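After this come two complexes, each holding subunit A, first together with subunit B and then together with subunit C.
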Partner chain A sequence: MDSQTVLIIGGGVAGMEAARQLRLLGCEPVIVEKSDHLGGHVAGWHKLFPDMLSASSLIERMSESLDGITVYLKTQVASMNRLKDGFSVMLTNGTGLLCRAVLIASGFRLFEASRKEEYGYGVYDRVITNSDLEYWFNTGEDDRIPDNLSNIAFVHCVGSRDLKAGNPQCSKVCCMTAVKQAIEMKERFPDAEIWCFYMDLRLFGKKYEDFYINAQRDYGVHFVRGRVSEVSEDIDGRVILKAEDTLAGRQVKLKADLLVLMAGMLCNEDTAGLASMVRAEVDSDGFLRSRDNIFRINESSRPGIFFAGACTGTKTVPETVAEARAAALDIRNYLNGND
Partner chain B sequence: MIDFGFGLSRSSAVRLDEVDLTLYRKLEKLEPGVRTCMSCGSCTATCTAGPWSGMSVRKVILDLQRERASAEGHGEVRKMLSACMLCGKCSMVCPRGINTRHLILSLCRIYEEKK
Partner chain C sequence: MRERFATGFDPFVLPFLVGMIFVLGYCAYGIFRILFQLSRQDRRKFLLSLITPSTALKNIWDIFANCLLHVKLWKRNRMLGFMHSSIAFGWFMIILLGHIEVMVYCPERVRLLYYPIFFNYFVAENESTIGGAVLFFLMDFFLLLILTGIALAMIKRVRSRIFGMRRTTRPSALDRVGLYSLWAIFPLRLLAESFTAHISGGSFLTIPANWVFRQFLGNDLNMLPTWWAYSIALGVFMCVLPFTRYMHIPAEMMLIPMRNAGLKIRHPRKGFAKVEVLSCPGCGVCIDACPMSVKKVNIKDCTVYLNRQIRRGNEKRIEEISDKCLLCGKCEAVCQVGVEGPKLRIAQRASRRYGLTPDYSGIDVAPLVAAAKGSKVLYFSGCMTRLTPSIGKAVTSLMHKAGVDFVWMDRDEGLCCGRPLLTAGRIDAAIGLIHKNEEIILSSGADTLVLSCPICYKIFTERYSLPGVRVVNYTDYFSELVEHGRLHLTKGDVCYVYHDPCELGRGCGIYDSPRKLIGQAAGIAEAPKTREESICCGGSLGSLTLDFSQREAMTRNALKNLYESRADAIATACPLCLTTFSRYSERPVRDLAEVLDASCSG
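Let's look at the complex of A and B:
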């Protein structure tokens, strides 16, 4: 097969950037995206830390760079068969194609907050998620967010670091998202008190600590070290949170007008299916298993199958973009016969 | 000797290298989950007995790990334990899946033996 076609599964930031790079490297990328738009989760965010870059302008810019590249929206892979030196693929829209390599860039899935029943998402009126809040920043539409807010609570680690929720891993980006969103809420509601309930603050990236310092110094955000154990609804519709302030060693309660749950990142629901289709492996954390997690994150254990982005674990946007570029280079080398 | 009206009190600092972990080691054997506690405070927050009695599984564990229990003749830890109703709510909320109810029972058994 002398085809230069590379199938990219998933048109999020990872798939888009890999497609752009692959074309620059002389390949013919084809993106298959199951939703009706490109950009993945980032298309739903408002401003991206740490630069507070507009997410929609980033996605717009990235989409423009794909001009001329074949993109199938609302499409998935129906079947895929390994040939001697490539793959024969059938898509759900009836298109068939032959390709030499496949890049899986299927991303993550947000933890369904309603599964942590003790926090009342979907039951109480004033409980939303980090993702809902981004949507509200973008559209201003959400009946659960009242016009006047005196106390806003953020609960970290919802569906992360939690064996009961089936996910012992840390989702990595949500501490930073909480601090970012706390600041954005304080800007909109300067008179409101903002409370972040955390177990550990994991602010590991470039300039992240600056956000923490700003949140404390310039915005007066309160940080309480303790995990919220339960939430109940008061007769006036507000919610009452119970936690231990573990530094003071005392039980605390907070009546809040709005509760924001920092839902974690889990492996995408399609991961297992995609993996079995190409006989790649799923790792113990539910994400796709790379050849190793230090030097060959972009490679699967199968020749011709590559990974990029949050399908192998939680990633930030810059990490995802860097991986997409690395994967494009790995694929180019693979097609050239250089390992 | 002249009485200046104050005495030298013992430093309250814990000497980590000198901590007596005998009790904690016994508990570890009976309930190995104790090692994975991350001091999140969920157990304390949800405990019905907590606000009135000071019961806190988190503090019990930490006191054993830091020997505060033995230094004070276990008074405080025992007082906390005596307030527990063994309702098991704390086990339900522990994000590390520790069987805290079994932990409390095991510790009570260790104290029984010591008597």
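Let's look at the complex of A and C:
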């Protein structure tokens, strides 16, 4: 096969950046995206930490760079078959493709917060998720968020590091997202008291710690170490949280006008199906298994199948972008036969 | 009729005699020991029940129906029922007929233990007399019945699946000795009686056999060795009986009167518990029933193995098995002799000593009493319902729609019902909480207490003393509201399969009212394993040591059973089942209250 076609599954940040780089490297990338827009989860976000970069402007800039690259929206992979030196792919829109390599960049899905029933998402009116809040930042549309807020609570690790929820790993970005969203809320509601309930804070990235200190010192956000045990509803619709402050060693009860749940990241539900088409392996955490987790994160155990972004584990945006570039280079080398 | 030996004795009876005397002595000693282990009240209660005509009659009937006819087993599995009752009842009839023969023909020998057993060797009677014809026919008939049972038992050993048992126990070495000697007894009896049939008479089985043998074994020299063999088989069986699972035969005859006397397990090893453990026949029905057995590593944690380990005194394993169990009660529900697996385990847990015992006497109930005042109807949701707010919300909405004036007593703050402590064996601590809750409820002035959590409901009905207050589960309460026309349900399109929560079904015997309610509010389907046979969701508070990965396999197995009904969604009536199923279910899971609320216009 002479073609230099590379199929990219997923049109999020990873897929878009990989496509751009692959074209610069002389390949012909094709993006297949199941939703009706490019940009994935980031497209629904408002601002990105730590620079408070506008997510929509980033996605816009990235989309512009894809001019001329074939993108199939609202399309999924129906079947993939390995040929002698490539893959024959059938898409759900009826298109057939022959490609030399496949880059899986199918990303993650958000933990369904309603599964943590004790927090009352979907049951109480004033309970939303991190993703709902970003949507509200963008559009201003959400009936659950009242005009006046005097107490706002954030609960970290909803569906992350939680065996009961079936997801033992850390979702990496929620600690920082909570700090960021707490600051953004404080900017909008300067009189509101903001409370973050956390197990421990994992602020590993560049400038993350600064954000955390700012949130406390300049914005007066309260950080309470302890998990929320249960949430009930007041007669006037406000939520009542019960938690243990494990540093003070006492129980706390808080009436909040809004409760924001930091829903974690899970592997996308269709990733396992994709993996089985090309016999790539799924890891014990549900994400795809890389050849190793140090040196060859972008490679699968099968030739011609590459990974980028959150399909192999939870990632931040900069990590995803870096992986997409690395994957593009790996694919170029693979096509050149320099494995 | 003539007696063949003036002495009425032959040395071949010795093995049997030794075995018989040993087993009788052992059982007599055992009975005294167990009576001694009972508390004074229990002993009094038991002995009194033996001379109370109504319980005495019940005892006799129960022993006849369960130990001989195996009525309960027939209902569950006809093949197994036939196998057991043919051996037990047949053997009993042979012993009885043997005694009748002795009493009819030579009443002076009746005090010899071996005479009824070896009658045909000692007494020559002709089948041409009326008495002989009838008695010998019956003897042969029951022997044939037993032999059929033994043949089935042999087939079962090789292929238990034919009998509908997926898994069965692995017999221990001594069990095998007992098993093979039991199998040998009756074919040997047939041989022995056949060899003497031309002298002592026989019937349709023994006479033809006698003809056949005499064709090629022309003399009577084979007679004595086969009677020896028969006696030895009996002797071996009886000598090993106390150390094998066959101990259940005498033990069950003790268990039935004790249970009828109303005794309860008070100590994990002694008294009533001991009788229960000895009554376990080791059939292994509880293995297939146990929700943990979906994982092969847990098979040895079923009740049958607990009983075996208790008999062996393996403390480490006893503790492990007792702590692991989910206490779903299914082994008890399917057990043929009624071994109370969960109660044995709770008693074992209760024997553990803790360094710290919580003391709840300092809790100030005044604010809780104040919160509970104001209405005749109280709603106690319990901790688990507070963690599944959708249930509390649906219950509140239904109460409003029915126009019930009620108070949600633990909406804001509340005390635990005590059931988790009780299942952990911390009975004193549980009673501390129970007294506090009793105080709150009695001071509130209410006359009805509605509970939406079956875990709470079970302990409220069993351990709480609330005079003047009606304790009712929400399934029954809503049924009444519907009957009285205060709630109007309209049938929706969704079809639900109802999962019986362990604590509500097997625990409290409530099976029908939730089904009836769902039937009025939506379509209803049944899973293959349902009601008493319902499979635990795996989330039970009962287990102290199972981790989430092990529980996951159980939850998925329970869900598989529910999926087979082809219903659109799953309905249950327990907050813990709801949470556990929601974690892995492919179909929506709803609480009964949510189902009703959705179809109730108010």
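Heads up, the rule we're going with is that the second predicted complex is superposed on the first by the 339 of 339 C-alpha atoms of A that agree within 3 Å, B and C clash if a C-alpha of one lies under 4 Å from a C-alpha of the other, contacts with A are read in each partner's own complex, and residues count from 1 in each chain.
Convention: contacts are C-beta pairs under 8 Å (C-beta built on N, C-alpha and C of every residue); 3 or more make two chains touch, one makes a residue touch a chain.
Just so it is clear, the model here is predicted, and its values are computed rather than measured.
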Mind checking the superposed model to see whether subunit B and subunit C fit together on subunit A or clash?
-> clash
Using the superposition on chain A described above, determine whether A:117 touches subunit B (first), subunit C (second), both, or neither.
-> second
Which superposed partner A:163 touches (first subunit B, second subunit C, both, neither) = both
After superposition on the shared chain, which partner residues are touched by A:240: those of subunit B (first), subunit C (second), both, or neither?
-> second
Return first, second, both or neither, reflecting whether A:7 touches subunit B, subunit C, both chains, or no partner chain.
-> neither
In the superposed arrangement, which partner chain does A:232 touch: subunit B (first), subunit C (second), both, or neither?
-> second
Just subunit B (first), just subunit C (second), both, or neither: which does A:102 touch?
-> neither
Which listed stretch of subunit C (168-176, 222-230, 258-266 or 348-356) steric-clashes with subunit B in the superposition?
-> 348-356
Which parts of subunit A are touched by subunit B and by subunit C alike?
-> 118, 163-165, 229-230
Residues of subunit C touching subunit A in their complex?
-> 386-390, 392-393, 411-412, 547-548, 552, 578-579, 582-584
In the complex of these two chains, what residues of subunit A are touching subunit B?
-> 118, 157, 161-165, 199-200, 225-230, 242-246, 249, 251-252
Residues of subunit A touching subunit C in their complex?
-> 115, 117-118, 120, 122-124, 163-166, 229-233, 240
Sort out for me which residues of subunit B touch subunit A in the complex.
-> 38-46, 50-51, 56, 58-59, 93-97
